[in-house]
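Scroll down for the structure; my scribbles are underneath it.
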Amino acid sequence: MTNPLAGSYAPASADGEPVLALRGVSKRFGAVQALSDVELEVHPGEVVALVGDNGAGKSTVVKAIAGVHPIDDGQMEWEGRAVTVHRPQDSQHLGIATVYQDLALADNLDVVANLFLGREITTYGTLDEVAMEKRAQELLDTLSIRIPSVRIPVASLSGGQRQVVAIARSLIGDPKVVILDEPTAALGVEQTAQVLDLVERLRERGLGVILISHNMADVSAVADTVAVLRLGRNNGTFPMRGTTQETIIAAITGATDNAVTRRAARTPRSEGEV
Amino acid sequence: MTNPLAGSYAPASADGEPVLALRGVSKRFGAVQALSDVELEVHPGEVVALVGDNGAGKSTVVKAIAGVHPIDDGQMEWEGRAVTVHRPQDSQHLGIATVYQDLALADNLDVVANLFLGREITTYGTLDEVAMEKRAQELLDTLSIRIPSVRIPVASLSGGQRQVVAIARSLIGDPKVVILDEPTAALGVEQTAQVLDLVERLRERGLGVILISHNMADVSAVADTVAVLRLGRNNGTFPMRGTTQETIIAAITGATDNAVTRRAARTPRSEGEV
Amino acid sequence: GSSSSSSSPSAGGGGGSAASATGSIGLLLPENTTTRYEQFDKPYFEAKVKALAPNVEIKYANAGGSAQTQAQQATTMINSGVKVLVVDAQDSAQIKSSVEAAKAKGIKVVAYDRLAQGPVNAYVSFDNVKVGHLQGTGLLSVLGSKATPSAKIVEIDGDSADPNAADFKSGFQSAVKGHVDIAYDASGLWQPTVAAQKATAAINQLGASNIAAFYSANDGMASGIATSMKNAGLSHLPLTGQDAQLDAIQRIVAGTQSFTIYKAYKPEAEAAAELAVNMLTGAPITSIATSTKVNGSGNTVSSDLLTPVLVNTSNIKTTVVQDGLYTVAQICTPDFAAACKSAGLS
Amino acid sequence: MEPPPGIDPTPGAAVAPPVDPRLLVRQEGLRGYLDEFKRKVRGGELGSLPVVIGLIVIWLIFSLKNSQYFTAANAEFIAYYMVGLGMLATGLVFVLLLGEIDLSVGSVSGLAAAIYAVLSVTHHWNAWLAVVITLLSGMVIGGLQGWIFAKIGVPAFVVTLAGFLAWQGVMLWLLGSTGTINLEPKALNALFSGNSFFLGGQIFGAYLLAIIATVGFGASLFLQQRRRKAAGVPSRPTGELIARTVLLAIPVFLVAWILNKATGVPNNLVIFLALLVICDFVLRRTTYGRKVFSVGGNIEASRRAGISVPMVRISVYAISGTFAALGGLAIAATTNAAGQAGADPNNLMMAIAAAVIGGTSLFGGRGRVWSALLGIMVIESINAGLFMLGLTLDIQYMITGGVLLAAVIVDSLSRRTQKSSGRA
Amino acid sequence: MEPPPGIDPTPGAAVAPPVDPRLLVRQEGLRGYLDEFKRKVRGGELGSLPVVIGLIVIWLIFSLKNSQYFTAANAEFIAYYMVGLGMLATGLVFVLLLGEIDLSVGSVSGLAAAIYAVLSVTHHWNAWLAVVITLLSGMVIGGLQGWIFAKIGVPAFVVTLAGFLAWQGVMLWLLGSTGTINLEPKALNALFSGNSFFLGGQIFGAYLLAIIATVGFGASLFLQQRRRKAAGVPSRPTGELIARTVLLAIPVFLVAWILNKATGVPNNLVIFLALLVICDFVLRRTTYGRKVFSVGGNIEASRRAGISVPMVRISVYAISGTFAALGGLAIAATTNAAGQAGADPNNLMMAIAAAVIGGTSLFGGRGRVWSALLGIMVIESINAGLFMLGLTLDIQYMITGGVLLAAVIVDSLSRRTQKSSGRA
């Protein structure tokens, strides 16, 4: 299923070596070949948007990089060296911070404990609750989220509040690559804007960012490069600058005539009026 | 925290009695007052968008209507009569179909079994698997979703695929009101378009629809009325026709100067270029 | 055909000598949580059968405490063609259908240690009521002149779910009733920890200085009670037991327990072996089973009821040591060496 | 058969290709089967395969050790003695499907035997009436435990552990001073007793049963194929259906032949098999069964789908209690007595082991009632062999324990593999 | 204390108000406390309240029934005999926090006593060395079970049920022919024995302990308050701190006074309390404790946070095994003997009951080690009363069972209320 629209690869910030690269990665789940020969590169200071239809395999790529589902075939490279990632620890030690689509927070712990889980601040071997609480409050404030109290168990947060806690988690520690799997899906307009701001700040600080989103507006707002997955295969990599949304959508859906264009043609109201 | 921008109530289809109405509903979780005196009306053939910030209480409203979390105070009215809804069954018997933000599917069952869960087709008291499988395939096809097989356990579906299964579930049976809590959050562009089409078809058939979304484009594309929640209270109800997105966002965030407008001012690129 | 173990009915044909008898005997024992069955009863039984009738095969099964398993094991043995079944029933009533099935196939049944129901041919055991009675008279004689109707006794019985416990209790009480005052009477569940706590509770309740003696239904519980007595400074008071456990013998040597009741396994197992061999060869059993008992299903059974022995410092050597139950070295570990010496064990 | 009214979302929209190109489709013919088989083994979807292989290995080993093992009489022994525990295991399968446990089945079975004995022997009630009351008691006891679990929210593990102790106490109290009560061969007890055979043990009887089983199975397969073809949904090729029917017929007729060589098909086995067929039908082909699986898979999803989770839970525990009572009667019939040993904790262990060995997962939502049959056959085959060899108890424990452990490890490992390949 | 480097997302963006206006803040003063208290009770956050009330009710009832109950000697009885089971319960708290269960603790405790007895008495090893080997054995046994659970994936319930049976077998085999072995008052056994008291039972000793406890508690509260104030995060008012310290001091000094009236503070109690303080510290104030809670809350989240879930599980079972061994030594010391009855299944039941009665949830992720102390006090208070009255067994069972049931129901109901008010 080759796509005539697929562009050739052109990194936005072509400053040499990518910090993270996938080479010919495949992954199979039972009778389903979820990924076949997937290639992906992220350079320092680059925001790569990974887009694709539902079930295209985006989250599978994320979980492969993060060590949640080890890959079957192919290679992962970190700063030019081949690495193997079997467990989430491995990818964390490399410097990869991940926000998963199916967030995983410990419901019985409070917000502070969840934020610092696995990376607690300690003084003389004991937990420094005061320092953690202070830092947690600061982090959440900058993400514009209102949470009744940082000492409330995560079980009692709304979907968006949980999402923000998960995003904030990824900023603790000192990652070199941040992966965000549909980070804004559950977020309100204001929080979404904050997260996009955050992504830009991460880029400015020279981090590599992989952003997964179905929202073309968000993608075009912050991405440098767009990598399209279709049915578990690469279906083109485009520089954001100079590529139209229509091109990308066509690569995602595999056709120029799709429900989106039909809908656009049918309902002019959605553009106009509001 | 009264909002000067809040419009007064004006139903889009003012053809008399609402099919579903909330009157002064309150709900408290432990130390958090999640809802205070919330009012909401849905008329037949009307799409009401329920919008609000993260943690505003939208999902709590949905769960209150659906009987997942019974309300503490206030009243729910169905076709003019006061009703009490204690369990999900109660709301289903009234004719309310709900798609939850935190989808709940039985991971060990296949797609067909999940679609028909609680409403199986039977012949002489035994399950009619053939009829169910056929209908399931038809439903999913119209929603443009590709699923490896309808006999695959739901555990192995992607986030968006699960979302579509949940949406398809709500179309089985014969509801009078359909509630969709962020149905398109996890969906790809094509699937989103299909769901919006679906919402419009539901309206045409005279159903009441409550649509929750953070995506203003989606909301303005299909909603007749927009109800804004802020910090658990009503913050205005607007007819879609004639209201600008800025007005709505201001009602959601509680201010005209917010991260969205600031971001818009800072990054002209997000509007232009693409 | 005496060498062929597979040859059948002809061997039973009347009065052949035991030495040349063939065929097989089944031995069904009830459980293995107490060590006696596999450590003493089984080897003693096998040795005696071997001595009497070297060509007889013995089939053995242990029910592991389950009456159902025992029924299945009995079926297996009946199917495999044993001539005599020696059964220590896990449940003396529930074994009835197995006993009947055996009888229907012409198999003779010896009830061992517990009196099985059904058409049983013979029975070998100790008398449990007698055990309790012996504990009672033993305690009275240790108390001597202190045995007055106002002397307060603490009685810790066995688990009331075990029917033997009731026999011990009734035997004991029939011996001491009227001679002393049973001021505290509770079940120790055969558990040392429970017995210890109940003894302490009794001491708190009655007052340490008011107690004259402690009754423990067996040695296991006596270990716990002895500790509680020691903590309360009452080690000098009489304390009973039963089973002739090694630790009890050591306590007797050390003076913290007065005596134990010894039910020798060897004579019991050997009597059962003799009965079984006689039945196999068709020899009379009346010389061994001299008395009769009526079992729960109304059958009259020829019985060999053995007498238990009270063991105290004076007869350790002539009972448990002589029978090979324990060696002096086992009893007189360094901690008990001094006590052993003064008790004349060495 | 009319489809539900629902909303038809058809107008507009291009229809997406129905099959996902990434799905690895099976090739035609034998090669396709082998490939799929390999994939399934690698993916941990082993089904009943390990048990069947295990069973054959067990039979071979004991036959080599003891010439009496591979005889019709021994097959009869296994067929007869496995039924009581098998019934306990069947009830447990329902509970395990919910992802829960019922530790009380052993005690309830003992109590049931005691109730029956007291009513029919001590109080001279009509024996069938006593049976009905006994089964009802089992149902009420199970239902009560289910109620405390479902409505009050006490974990099932704790409720049934309490039941494990309490019902044993009630049984002891019922049996009272007399202890064990010997039963008379009446009513169900007569059918369950060791010398009651189908059609009086006539050779015809066994083959009749075998024919019914084979024809019934084959017919249902072909019927299903026809209906699926008619509706245009994927169906199995005819060759596969024939192969499956033959694969069932072989062991069924073999068993009939062997049992005929001894005394015939025990009536308790016939009753057990009939119950298994009914339970299998209920679980796989009715809405109730679907509810059980869905509650076992996701409680909140079931609740939101309008399923009354408490009712499912209570009813499942009631079923488990009823089967425990029935099993208790069957067990009591093997010794013709109800006694204090009825509530043997080993029965509980063996019943759980049987269900798990047979392939029902301890993790809920996955299993079939047939696993009770397969598992209990394994256990009883081992027992029969060990009883014959006259081994000491520690070795018996070690062997039984080893088999149990192996079964559980296979269950756990296969679940892990399945999980990592996305099937659980 | 340096904050982690991390990324500072500060530039730009208006800072949102830190506190949510919907959060119902507590009013100042006594009224605020009462309001919050009422809200908590309604929300099911009962904490230790029901236990403490229950304990007082139990004491009152038995005192009315028996004049000897409310005496110093009986307090001493409770304080001494509760320690062994209390240690088993402490180990179980760790396991329950994971949301799992350890059914083997009773058997392991029996086995540990047997190991110690065989080494120190039969083989004449140095007593302290024997203690160390025994505790290590407990650790290895627990760790092994944890390994099978964590690495192979066999459900903990099954692994430890197997352990429940297996370790009992090993114990019987170890004790072998001799059966019960008498212990000598040496090493730890001497400290655990019924006539060993803190500082030889001097009056001074008990008050010294009371002072250490009160001052330590108060000081830690005030220190924390100062640090929080300094960092500008919300802190408790000074009045509350004083009230809390006083609330602790009252019972502590009361107990010291009572035990002094008898023979002093038993050394085994001192060791138990010291271990509780250490465990509490580990669970609440170290990263290890945080890991235990997080695995108990959400396994996948913990795994993704880089926590090695298997290591946490294995270590928790090792801790449970070690405490079981220690408890076994303490129990053996009460009878000065190691015997076949050591692996009493009742010990298991009582230890679970103690942990749950004390307020540790069976559902994982919620509880404190102090619940072991509170729960075992309840159980031993009941035992002491029942033993004094010399009641028949069935009544004893009924009373103990009833208390257990009540505790579990309170746990379950409070969890339900909490869930519906969004706290669990």
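Quick notes on this one:
A, B, C, D and E label the chains in the order they appear, each numbered from 1.
Following the convention adopted for this analysis, a contact is a pair of C-beta atoms (placed from the backbone, for glycine too) under 8 Å apart; a residue touches a chain by one contact, two chains touch by 3 or more.
These numbers come from a predicted model, not from an experiment.
Here the chain-to-chain distance from chain B to chain D, counted in touching steps, is 1. For the pairs C-D and C-E, the larger set of C-beta contacts lies at C-E. Among the remaining chains, the Cα-based centre furthest from that of chain E is the centre of B. The centroid of the Cα atoms in chain B and the matching centroid in chain E are 47 Å apart.
Here the spacing of chain C and chain E, counted between their Cα centres, is 41 Å. Multi-chain contact residues of chain B (touching two or more other chains) are listed as 29-32, 55, 144-149, 156, 194, 197, 231, 258-259, 262. For chain D, the set of residues that touch two or more other chains comprises 12-14, 20, 22-23, 394, 397, 422-423.
Looking at chain C, residues 32 sit in touch with two or more other chains. Within the complex, the chain D residues that touch chain B are 1, 3-7, 9-20, 22-23, 227-228, 231-233, 281, 285-287, 290-291, 293-294, 296-298, 300-308, 364-366, 422-424. Taken in their complex, chain D has these residues touching chain C: 68, 73, 77, 81, 172, 179-182, 194, 331, 334-337, 339-341, 344, 346-347, 383-384, 387-388, 390, 392-394, 396-397. Those residues of chain C whose C-beta lies close enough to touch chain D in the complex are 32, 38, 59-62, 64-69, 71-73, 75-76, 79-80, 90-98, 117, 161, 163, 297.
Taken together, the chain C residues at the contact with chain E in this complex read 32-35, 39, 160, 184-187, 189-193, 195-198, 200-202, 204-205, 219-220, 223-224, 226-228, 230-231, 245-248, 250-251, 326, 330, 333-335. On the side of chain D, the complex with chain E involves touching residues 101, 152-155, 157-158, 161-162, 165-166, 169, 173, 349, 356, 362-363, 394, 397, 401, 404-405, 408-409, 411-413, 415-416.
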